[in-house]
Amino acid sequence: MVKPVNLEVAVGTVRLANPVLAASGTFGFGPEYAGLANLARLGGIAAKGVSPHPWPGNPPPRVWETESGLLNSIGLQNPGVEAFCREYLPFLARAGTRVVVNVIGRTVDEYCRVVERLEAEAAVDAIELNISCPNIKEGGLSFGQDPVHAAEVTAAVRAVTQRPLWVKLSPNVTEPERIAEAVAAAGADALTAINTVLGMAIDLKRRRPALGGLSGGLSGPAIKPIALRVVYQVAQTVGIPVIGIGGIRTAEDVAEFMMAGASAVMVGTATFSDPSTMERIIEDLPGCLQRLGAKSPSDLIGAALPGRP
Amino acid sequence: MVKPVNLEVAVGTVRLANPVLAASGTFGFGPEYAGLANLARLGGIAAKGVSPHPWPGNPPPRVWETESGLLNSIGLQNPGVEAFCREYLPFLARAGTRVVVNVIGRTVDEYCRVVERLEAEAAVDAIELNISCPNIKEGGLSFGQDPVHAAEVTAAVRAVTQRPLWVKLSPNVTEPERIAEAVAAAGADALTAINTVLGMAIDLKRRRPALGGLSGGLSGPAIKPIALRVVYQVAQTVGIPVIGIGGIRTAEDVAEFMMAGASAVMVGTATFSDPSTMERIIEDLPGCLQRLGAKSPSDLIGAALPGRP
Amino acid sequence: MTQPAIVKAKIHSVRPVAVGHFEMLLESSQLAAADPGQFVHVRTPGTLRRPISFSRLDRVHGRAGILWQVVGAGTGWLSQQPTGGRLDVLGPLGRGFPAPEADRPWCLIGGGVGIPPLFAALQIWGDSVRAPITAVLGARRGDLLVMVDDFRNRIGDVQVTTDDGSQGGQGTVLGPLAHWRARHPNGQIYACGPTPMLAEVAQLCRGVERVYLALEQRMGCGVGACLACVVLAQGKQGPEWRRVCHDGPVFAAKELVW
Amino acid sequence: MTQPAIVKAKIHSVRPVAVGHFEMLLESSQLAAADPGQFVHVRTPGTLRRPISFSRLDRVHGRAGILWQVVGAGTGWLSQQPTGGRLDVLGPLGRGFPAPEADRPWCLIGGGVGIPPLFAALQIWGDSVRAPITAVLGARRGDLLVMVDDFRNRIGDVQVTTDDGSQGGQGTVLGPLAHWRARHPNGQIYACGPTPMLAEVAQLCRGVERVYLALEQRMGCGVGACLACVVLAQGKQGPEWRRVCHDGPVFAAKELVW
């Protein structure tokens, strides 16, 4: 017999009914999965990345399956923040869950413009800065791959909003801890780790990179060990909460991420194969906690970090 | 009907009977798999990393299975170059295949001492510098994570040997191309890409990192897309040959790596599940080449790189 | 339109229908109510589901068919599922074919595994079309042709082409289509098959008012959320991406930009 | 010693033997020639093989048994393999138990799935030992005990313990062992079970000359190549790592450092 458990967790000032959120880019803008998943059951939804103006994205093919993984090169196609606020935000506002808006830009100014536009919208519970898109000015490296630029964009956005500010880290760096420190010092309220891992597939028949965007981002269970490592590294380095993401599919996966230091998690690729993944995880969590001898999800946070009993 | 095909390839001045070598650390020092695999059929064998003195390695558990992958934290246990030359090299010399010696060290001097010791041994066909082990002097980052240090150790070793010098790249860096450029300029004859990807698993029962070494290196099919990306990146950047490695299990995988720019490949983790993997690949290669309309393995090298027809 | 759902459908039967091709009947009145041209996203062991179109829609018995060629791990797995077992499918998905106009000659152009959705269209709407109906069915070889008898049981004019001439006329479906187009300037054309074939159909039938093409594209979610499955279409302000899974898979030829 | 090889062994039978425990007989005279305490590395769908010890060795009929508890995906898959199918195993691997001395009292201490290799030892050497033989078999609960009848069919003195007292005496195997040790100061002890149990056996039997322990450790290759499966042993120059797969799984208790 599994006892009913209060699954609430907090990410800084943001209280979540449970620690399971939909990951940005894999759950659209809300309505797409509404007939297939009970959105009100989720801890929250991170909407697909929005930029100041519409972005076209990359040529297809945009996804390619790999062993226990998925490569994507969507290229951050989105209708722009204005259309997002008009066409999708009202739906998300009524969905009965926390709304996280993932923000993308090519320059510091572009990030700020999106966030400024969102200031007018009461429905936004948190901003998630996606600093893994290429920064055109700095020669093709993304803001997320350099501590100085990561801090710069974080500080600039911090200056224009009081909203909870989460910064999403790229795993494609030598030392994620350095980026984490830099953005925490610049005013981030929480970190999301990780975005996709740079990868590639070859289409043997065409003798070409398989994806229209040539390389792409690897997600899914294949990257879970990489994500756990980054969460464990940054959770030790910074004092702000970490949201774990990468290959999560089961309640046990959630427990692993929380022990590694995550206060909450996001589920991305697993939704494609089973749109009820998140609800199933939420249902399984109480039993999982009980088997692990934990009274609440918060009991697990950081349990595997050095120096814990 | 598959026609007999000459599978020879060249990695710089090193001619291989076929492009399939055993990866360092997964094939021991040669004798371990001798009863289970026909060593003379292989393109070559990269021996486990050797240091100037015996290294003890990490506490167990040293391996942990993940989805389509394997985490290891062997910690480079080895008996030292002296014992290697005495106890194992004679066997390898008689194995009827190319012998690559993987070299590790904690300082530039340690790398040089191993390579100098190997100068006395005629059986060594190539040196593979493993620059992914932690560099104690420089605060825990490995030589392979910084272009300046990578170049320094490469140049120092270059100065003490005329032997073919291969440098094995770490994927755990922001820009593998920069490391590749640096070591090529410092005199490397070829690059091996990639070593394992930093990862971690949590043992839920113990509430601790699963591996004795806490974090470990991820290998296996899970990392194949990452490895292909790095090979594709560095093959475009440097003029020297690249040896592809990461998750290879089939002849088609080999073809993908070669199209991405590899001149040869290494097989690691797949051997654990099936010790005949490499021989099977070598057997399947002619049929695979025929299906792809290629006359020889060399036809495929770099076929998917930009600017190729 | 039926709302898409996760259906754990009972497998009524699976049978080989050509070399490396299988057809499966699923028991589900929900799926059987789909529009021809819609598809299901089939859960297979990998990271992603696999999109397969309906090959037949038996609304009376509440059965929907899917027909596929084994090309990789997903379709291979699918062909090993036992009768009586359950298949996890997400569907019906996408926008299918519009109903054909009753008084226009109707031509169904199918290549390879593009044939099945056209049969579903014929099955549902064949009786409502009073003008002549023609099917042109092509494949690389005769032993890869599917559903020819199903078409012949319903209409008289079924033309077959194979690349190597091993069955029907040698060549592609484009020959008979050009012919048909000349004789029926006012006709309506529904096509499904490999993308290069559809591009040629669109090219050949430029100016024809009602040309509908069922496209394929690599998919992630299958429900419009991930923006993976795009094709280029004519938007109000120039070319824009449309989602094959949600805005398609059926598009009017004139919408598309090649 | 039989050379290890990749054997695609025919599955003679698979049967449940306790709650969540199965035993399989493989047809292979090569495997049946193994030493008790050796193991096979079983190919399962994951990245690694799974090590399982021989539970019985029938050299006459050329059959080798393996017995396992389902604890995860690999052992779960194994328990679903059909009779008559083939299993890909790498073996026999490692260094098994040495033959017992004929004139020393012999005690076999097994905990849980540590019991099977001890039965193989009894099967092969039981008749050659002229001194009394005792088996102490323990498990958490009675319904998790395996091979008790197999032991009883061969020797009279089979003592059973369970943590909850649901079968045999309540407690662990250490109680009966302490007793036996006191009565047989010159005896030889073979043990297999969870690592903490083996540590206690080693501790309790310090000073006893012939104590052999069959250990477990996470494995990669299974053949000595990867250095994954190490345990700490007494080397010439202080403690050193030994490989469970190659130097073990059976070690003399006095070799080991805890």
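Order as written gives the chain letters A, B, C and D; numbering starts at 1 within each chain.
The rule is simple: a residue touches a chain if its C-beta (ideal position, glycine included) is under 8 Å from a C-beta of that chain, and two chains touch if they have at least 3 such contacts.
Since we're looking at a predicted model, the values are computed, not measured.
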item: Target chain C, source chain B, minimum contact steps; value: 2
item: Centroid comparison with chain D (C-alpha atoms), farthest chain; value: C
item: Centre-to-centre distance between chain B and chain A (centres being mean Cα positions), rounded to whole Å; value: 33
item: Averaged-CA centre spacing for the pair chain C and chain A, given as whole angstrom; value: 36
item: Centroid distance [mean C-alpha coordinates] between chain D and chain C, Å; value: 58
item: Residues within chain B bordering two or more other chains; value: 66, 68-69, 221
item: Category of the chain touch graph - line, ring, star, complete, other; value: line
item: Chains touching one another, given as label pairs in label order; value: A-B, A-C, B-D
item: Complex interface listing, chain B residues touching chain D; value: 25-28, 32-33, 35-36, 48, 56-57, 60-66, 68-70, 72, 74, 77, 220-221, 269, 271-276
item: List of chain C residues in touch with chain A within their complex; value: 3-6, 43, 46-49, 90, 217-231, 240-241, 246
item: Of all residues in chain B, those that touch chain A in their complex; value: 66-69, 71, 141, 145-146, 172-175, 197-202, 204, 207-209, 215-216, 218, 221-226, 228-229, 232, 247, 252, 255-256, 259-260, 292, 303-304, 308
